């Protein structure tokens, strides 16, 4: 259940406070040059450590290649990348066992796994696992570029706490001593026409499936998205203007009938405010069955959306790499 | 690629103007009573024939059981349901071959399938296929109720053309001689805690995957959805108030960490305006390579959102039936 | 669970005495010419009607195309082929409900499906469904030939009742008034090197998986097969003699390390004697819980192996078509 | 492609001379007690180090748990087990690059992966990876016993080099300075009735699929197997003798219609002679394109069949654990 993809297939594993998190990438074509240095830029972007609003926690995330690489290139066998968990303080979490943190998976995980789940720091539900997704994204982006050097997959934050001035949105949260949500947009350019399948595996289906595995994401829209509800058909329809399928507008976000149409693929996601907020909150102590007041100590991001862009790029790149490999004509 | 689900698995087939559309449902438990009458209500709802804004096209959709039923009950073998296509006028479409209709899949389908696609009436991309989804939904709802008689899965239109007064939204479109979009909300009540998997198969991942196979849907949001971008964490977090996991608010939409939390599962989708609008539009004639003015004749819905609620219920019910069957404890 | 394949994916449905049996083939490339006439030869071979030892039951098996074909060619959308069940006499079977036929699935099906299974004529377990496999094989063989015109996939009976003189083996069974088993060999020539995956999806794994869905097959061996147990390594190793990978001998049956090596792919299966034998047998009446003597009336093959070659070719062709489509380089 | 199973799903990775081999087991139920000590017995059996005919190579195979275990029990999240590769001498292999070893995957791997494969010691094709399968088998056997304490899954060698006296078969090979093949039988007792699916996922299909991922296996037969080709139906049919489905004989090997029937599940496999034989052989030098004489130095098993029983048990246990977890009723 912790896997995704048809040919380029991801299998993710690990817990926040276990020895390591990792990913097995099956179906990676042979001959792709890969070294630890290729991962630095995207892994750094995920840390968000230099930005206000992200946690100062130091994570020296060095990819460890367990399999699938030989003489600096992928072999075609499963590619396994792990990241050691060095900087963990389990004691912070263990005392919270009887107080499921609001907004976190603590309560549902305990019910689903009959109390056997690793509850330290979110365990397998932790945002920590997104470092594995980012690593897979680095590989996927290389596959995209091997098909067409011009393909770009880039995500940016467009809004924090309702403000398009991101500094202001963050400052509002800092002033309120609270966490805050945001919106991230991803654009993929120079994709070929024809990726996606009409029923059940539309490009939107596969992208949204992968996107909703990123913790904290609660909505996705393509092209005009929710604004389309207010539009007339004559406005929303994108007129084709030349033989390559280029359209005058791009309200469809580059996908028609579930299939990429060669225009920019555009989608946006909403990232909920970090569940761990410095503000005092009420929650149930499931042992005493009494409502307790509760406040999160320690290192937490005020705005988890700041870390999301590189993760969003990664899942989009993984889905698109898979669709490219699935084309019968390669 | 035209299939979905792990245990309760859908395989859809057919074209708008072929002999029939149909669905093979694998993994349906044995012993579920099923007759044609069970399908009437939901199939009628999909037609939307009595509502303003939907097409007057008559579709006598009678389910034809090809396999998997014996003595009025499911057998546990694949359940195949087909619907004959009686009321089709192919000639309407054939002349449009060189003019890909704006907003439709005509152009991408032709590229993807090298010109071999059945282009009549959208072919395999047609909204016609949603009758099969509705049929699967009828079976899935029976499975939900066999687990808990109180589970309800209900969708309603909440907005047309930006108006919460649906009559007004429709009238605006009629006045403008144009098609119009809308928003549909689905609520599932009395689900157990624990459906969904942490990575890649979160409840949101699976529902959105299935939802984006419905033609014309361009966005989905769970609980507070995109509004969460403007919220502080202390607002968005739903405080647990009793041992069953009931929360004071439901901004998470019944899903935390990708897992159902026992509260109402709530999601909304945006339905784009019908691509076939009576308004005159410009598009490319791919043979002459000249821009032509173009207008849709014949029977078309002004607001396809009016037909969506029962389809949305169906895909949600199919996903949830699968997740219920996947639970190791049955 | 009633499906197989990754890209070229089969979904089978139907019961022996239901309205029809059929197959949905997903992932079939567009542009393959297909008409009912293409199926005649292989469907006739499956009937075995002119051979001694097969049942005289008349089955006018005409393929009915429900979807996926347009203007005589595949469209790339799911291809659905059904065969009506015209010639069934259910009454023959209903009285046997309390006496599970020895060697048949009656007893296990009743347990597995809690008594809701369609028990007439074997229901979904019937050999009748192999007509769908044969139809899929016709399509798969076309895909093989589209890759390389020289690929041939041919199966023959090599042994009946232990006799390499097939007439003698059959006559022995006729004389004994009993049914009899046999061995069928399949050879595929001119395959490319490199089909199959090292772990879990070896060419042998996929072929055997598909082969064991054919009723009555109880063993499979590749190349030297079970005889390899008596060989020394220096005998069994096939020496490569030229740059194309041609080997001096072919004890490996064309597969090394789970991957096709470009030599003839050779495998053999054992077909058990038809469970329905004219001989009187004992079995349990599960209602009275007494042992009853029992004998099969009606039309039954003495040697079901006679019908197997074309089915064996079909499953081999389906597996190999899928592997060919899975190659990243097409 | 390097994965197998529906709920209890194996993902294998690693190369013989890479840093480690490992397996990610998804879908493992929570709450199963697991420690390194549980693996010792089966891992020791795989080494075959005390038996004549197996290599003296020392492998201190200690399982390393990377994820999915907390407080000594499985958590329900993916369970990752790795084994470090300590004892490798790559130089032995690198010089053979231009001389594909007869019977080995060297040649096909090079073609399939365009020369990028890790060719040292068989790379990803190495028998070394079966230590991961054995580890998964230890977990699977625990799941079988959690369903029914009486389920046993046991395999033994029944024949070496055609001799039922195993010592004699081995001595013949030692005398001939050659490697030799063998036959291994696996018996699973006390399984419930009803495991397996009629089409494509028969119990035989799934077991054979998994079995043929074990290197060196070239055939499999269930129950009477190939001997059934010589039998009459009245002989081969197993008469049911009581209400539990017990049969007087077990020529079906515990599977009828692809479904377990509650009797002992019995199957046999043939293991080809070890490809690395001390005997001098001829093979092609693909660079010089000349036939060279070639002989294997170093540590190699004379009879790889001696190591197979515990691996065969493991794959059977994994398939059956998955089928048990797939039952709708748990």
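Every chain is named by a letter (A, B, C and D) in the order it is written, and numbering of its residues begins at 1.
In the analysis below, contacts are C-beta pairs under 8 Å (C-beta built on N, C-alpha and C of every residue); 3 or more make two chains touch, one makes a residue touch a chain.
Every value quoted in this text rests on a predicted model; they were computed, and no experiment measured them.
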Chain pair repeating B-C, as identified from B-D, A-C or A-D when over half of the contact pairs by residue number coincide: A-D
Per Cα centroids, the chain farthest from subunit A: C
Whole-Å separation of chain centres (CA-atom averages), subunit A against subunit C: 45
Inter-chain centre distance, subunit A versus subunit B - centres from mean C-alpha coordinates, in Å: 26
Residue list for subunit C, restricted to those that touch at least two other chains: 1-3, 12, 77, 112, 124, 198
Residues of subunit C defined as touching subunit D within the complex: 1-4, 10, 12, 100, 102-105, 107-109, 111-112, 122, 124-125, 129, 159-162, 173, 176, 178-183, 193-194, 197-202, 204-206, 208-213, 215, 217-226, 228-243, 245, 251-253, 256-261, 270-277, 279, 281-284, 286, 289, 291, 305
Residue numbers on subunit B that touch subunit C, as the complex places them: 1-3, 9, 11-15, 18-22, 24, 26-27, 30-31, 65-68, 70, 73-80, 82, 112-114, 116-118, 123-124
In the complex, subunit A residues that touch subunit C: 6-7, 29, 77, 198, 325-326, 328-330
